[in-house]
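Each chain gets a letter, A, B, C and D, in the order it is written, and its residues are counted from 1.
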Amino acid sequence: MNSFGRIFRLSIFGESHGVAVGVTVDGCPAGIPLTVEDFLPDLKRRKAGAAGTTPRKEDDIPEIISGLFNGHTTGAPITILFRNNNTQSKDYEAIRNTPRPGHADFVLDKKYNGYNDYRGGGHSSGRLTLALVTAGVIAKKIIAPVQPTARLIEAGGDTDIEAAIDKAVEMQDSIGGIIECTAQGLPIGWGEPFFDSVESVISHLVFSIPAVKGIEFGSGFAGSKSTGSQNNDAILDENGTTKTNNAGGINGGITNGNELVFRVAIKPTSSTPQQQQTWNTQSQSVEAFTVKGRHDLCIALRAPVVVEAACAIALADLMMVSNALKL
Amino acid sequence: MNSFGRIFRLSIFGESHGVAVGVTVDGCPAGIPLTVEDFLPDLKRRKAGAAGTTPRKEDDIPEIISGLFNGHTTGAPITILFRNNNTQSKDYEAIRNTPRPGHADFVLDKKYNGYNDYRGGGHSSGRLTLALVTAGVIAKKIIAPVQPTARLIEAGGDTDIEAAIDKAVEMQDSIGGIIECTAQGLPIGWGEPFFDSVESVISHLVFSIPAVKGIEFGSGFAGSKSTGSQNNDAILDENGTTKTNNAGGINGGITNGNELVFRVAIKPTSSTPQQQQTWNTQSQSVEAFTVKGRHDLCIALRAPVVVEAACAIALADLMMVSNALKL
Amino acid sequence: MNSFGRIFRLSIFGESHGVAVGVTVDGCPAGIPLTVEDFLPDLKRRKAGAAGTTPRKEDDIPEIISGLFNGHTTGAPITILFRNNNTQSKDYEAIRNTPRPGHADFVLDKKYNGYNDYRGGGHSSGRLTLALVTAGVIAKKIIAPVQPTARLIEAGGDTDIEAAIDKAVEMQDSIGGIIECTAQGLPIGWGEPFFDSVESVISHLVFSIPAVKGIEFGSGFAGSKSTGSQNNDAILDENGTTKTNNAGGINGGITNGNELVFRVAIKPTSSTPQQQQTWNTQSQSVEAFTVKGRHDLCIALRAPVVVEAACAIALADLMMVSNALKL
Amino acid sequence: MNSFGRIFRLSIFGESHGVAVGVTVDGCPAGIPLTVEDFLPDLKRRKAGAAGTTPRKEDDIPEIISGLFNGHTTGAPITILFRNNNTQSKDYEAIRNTPRPGHADFVLDKKYNGYNDYRGGGHSSGRLTLALVTAGVIAKKIIAPVQPTARLIEAGGDTDIEAAIDKAVEMQDSIGGIIECTAQGLPIGWGEPFFDSVESVISHLVFSIPAVKGIEFGSGFAGSKSTGSQNNDAILDENGTTKTNNAGGINGGITNGNELVFRVAIKPTSSTPQQQQTWNTQSQSVEAFTVKGRHDLCIALRAPVVVEAACAIALADLMMVSNALKL
């Protein structure tokens, strides 16, 4: 469903080529300074423009509908809209009968009996991540001074990101990447046994981001190949500082006061310029197919701020729940 | 918190060295045949006994408290207990002041101001996975004929599992592993945008399992190194059958009718026989430390049935929600 | 918090004198025909205009932001806005220091440390019932042919409603009333033990409507004065038809196939033209006070459609949950 | 469904004539002193024994399964069982084909296709209120020094309760009653707009109690017959003390610091000794019928402690959510 969170809750809506996309954030305490300008830096980071990103340009100006008064949050739900002013729906009409490989076109059509808004992925479009980024800005204010930071550490299997993008442009094929997100200054004790472990809540949100197909905390998959004496983090002082950080800052699902570390696998953009094969639902045969429209060669370039937002949102809810459970 | 699910809901409770551990399953339809015997095969798979597993022996006989009548589910909550009859709490008293590296001892003590039941990990013990396995048996009946299957595909970095265990026993150090879970026969359309993607719900549950530190769907992390034209799955027929299955059976967070595939990274058992360092809260210094008690050298050996249960529980809830949203 | 429902979920936002009020409906099945016009009749019923209602006139044209495509619901969240185009905020500035008796001014100021949008009740305004009515229109489509009907059966203690209004206008004092809501054609079996009884879910929503202070189902308070032999409803046939309907169509929290009947007590409009006493937070003394602004003498006149909407929303969620729990 | 609450959560299970009934309380802070003895006074108040109550005697000794350690709550879920040791299931076998008027027998049979445990009402039995009372004891510790107090203020329409019971015994017919619950010392600000108003959350829980058919807050139904100038509560000082308390301590769904007051209508016990009519599902005809088994003539006598528990549970969750939403 389209809402998430126990106390700090967000609810998202909208379609890529409809009127707007937007988000409602409920459970935000009153009295937090908040202006339109606060959203702009993260929205800009999410924007297209660089090499390897789509030429579709959206203003992405947040339109604050509710929950703000005199420059502060009021305790009431904060709803923010982003109008879609640069849609080219006709691009999508033509390909309706040829579901794009890697996209949700085919499953959405089946799931909703053809009633879904298929234009540009509709409600499943990456454009919905605007809503996450927006809620993330609010979440970051709540968890301050904790400050998640995400960055692309690998693209197309290469840690030299620029070179990877150049290569993708050259071969005219899309690529994926790996994003690492860290956060320092977390107190000990966020996260709840059993089902609201920090890993559970973060991964739930992160896998809501389109194109994410993997996540690992601390030493993750590599750690599974090591031994207990290698992978355990020796505790060094009364604050719980550890010698290594293979746990990624989490023990038993609960923050241990060390740096939070996780990595996210982003698949190559499904809309590659390369010719592909797909089922044509009209001709009832497999056909060669080239995706049209304006797309990112490496969506992973724009995803760090989204992962960061997901992390902040998860931490905000975990923090508020954790605080609520104290006497 | 200790409950999970929207329609098919489970709530777990209990401590490793308390009276019992248990689970309540709510939202199970009435009329499903269910007996004590139905639980035994999966419970046995979770049991210790093999090389590399703990010598602690528990009968693990499910005691059905409610929700069954005349051999069928009644529609009311099903509560099942497992008495703890083989606890050696004194093992744990001695190490109270030396939080075990890799375990949650340290964070639980801080989070709960020392009030947590610290014996054997208390409520955060791996023994709580009994509750998951039990709920998993019920979930499997609901999603039948879909049948998740999980197996250990790598231990200590080695795909020859027996060799890996032998080596761990020889070096007297614990090891981790990678579990792969698959499920065939899923219909198209389970999973909900935006926050209840199949990946989100499965990962939420899987990261509730102690020792899990990573998860990837389909081609996962490896896929992030490939290109769109390599990673996209060409659609071949009107049922959505794809040529490859790099998506792991999920597009846009929704099942696409192909095989569900995901892999889970299990860290090496934190309780290694090797000497480690930790903070002694009484002497206020870092001390050499060797974990006592009976432990698994490779907890990953016992984890496949738990991962399988988590998968089944997630799918049961996803299925029921998906059905609820149809007219 | 500002969302409600397990499957059919609504989330509301907005303030009386802000940009807009609105609602997001999630969990609405795809394929339901829905147009702007569908909302107008119920919105009109909620409108002011008659004797005893406020002269504030709002266009109340629903602005559909998302979730509709080609005249049908898409399965994605439906967000609908109502712009506030007739606000006179200066009316409220003057009375900021004199919290209006019967209103939430005083408690909101304390709860939110003065950060709440106090203009016209802000987020706690009766204007938010627009969101309920809007969601109610969608809910009614889902539960059709079940059709809740609510009407004012008593105003100011008088069953002659017109006479009651005339008297209120004459004495220039506000009055309350009692609304009865009924629904026929419900199947047997909606409602869930233990906490999602039909009465629980309906009352939860109904008490979200400002000014509601009581609810009773079937014979309600009067029934508590009778005897079991008088109050029990004899079952007359295999469909569960009963001789009387003192249960109001609900046994054990579950619909029994007979008519659903409940009554709601609406308090007199807090904004009476009569002079009252309140605490002046500036002068720190009790002062005589007359409420300004444009208000309803009998808000109960406009409330039936809101109660009807709350009933429809509750039934839609109960129906969908009930269906989800069947094999 | 069988769980309730956002932070302070309870989950109930069990059947009247099964193994046990029980409750799991999740979201209880660690460090609260709690012993078996703490439960006994409220459990005793709920017990049968007085004139007008059932002769069925149960020991009702709470069996604490989890969540307690060294006499304090641990922060983990608290599960408590009550074994059923005095069941006479054969009483119920005979009447299986004659659904008892006023009970849920008929609807449960239809809802669950005959799979429900019908003995003594099964999971819908009043015996499940043991679970509420138990959770209420814990909730009262959380909200202390706030202390809800409920008492029967009317039985069979008579405020002289003893006389009412005598009369019921004499005429051998069951009666209902009205319970008033109050609580002093509440701070200003518990309760959340829009859907978690104090009235919404309390009524949701109170209508989960079998036999409850009405609730009103403050002046309630009587208030709906008065005028605004009569019903409004003048604010008298900076603490929000009001001259009257027609609001029952709640404005805009939020506690205003004055006494919380609500009244609950309990229907006459459905199991009256009087002969009634019901549908015989075997003979397919309406038949005279007399209920067998051991029953309360006035279940309302035993209900105040249950209403009090529901109030405490609701307030505990409202308090914790309200605290969570503060910076």
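The criterion applied here is as follows: a contact is a pair of C-beta atoms (placed from the backbone, for glycine too) under 8 Å apart; a residue touches a chain by one contact, two chains touch by 3 or more.
This one's a predicted model, so the numbers in the text were calculated from it and none came from an experiment.
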item: Partner chains that chain A and chain D have in common; value: B, C
item: A-B or B-D - the one linked by more C-beta pairs in contact; value: A-B
item: Centroid comparison with chain C (C-alpha atoms), farthest chain; value: B
item: Whole-Å separation of chain centres (CA-atom averages), chain B against chain C; value: 44
item: Separation of chain B from chain D, taking each centre as the mean of its C-alpha atoms, in whole Å; value: 37
item: Distance from chain B to chain A - Cα centre to Cα centre, in angstrom; value: 25
item: Numbers and ranges of chain A residues touching at least 2 other chains; value: 1-3, 6, 12, 27, 30-31, 75-76, 111, 123, 193, 321
item: Interface residues, chain A side, partner chain C - complex; value: 1-3, 9, 11-15, 18-22, 24, 26-27, 30-31, 64-67, 69-70, 72-79, 81, 111-113, 115-117, 122-123
item: Chain B residues within the chain A interface of the complex; value: 1-4, 6, 12, 99, 101-104, 106-108, 110-111, 121, 123-124, 128, 154, 156-157, 168, 171, 173-178, 188-189, 192-197, 199-201, 203-205, 207-208, 210, 212-221, 223-238, 240, 242-243, 246-248, 251-257, 265-272, 274, 276-279, 281, 284, 286, 300, 321-322
item: Residues of chain C that touch chain B when the two form their complex; value: 6-7, 27, 29-32, 75-76, 193, 320-321, 323-327
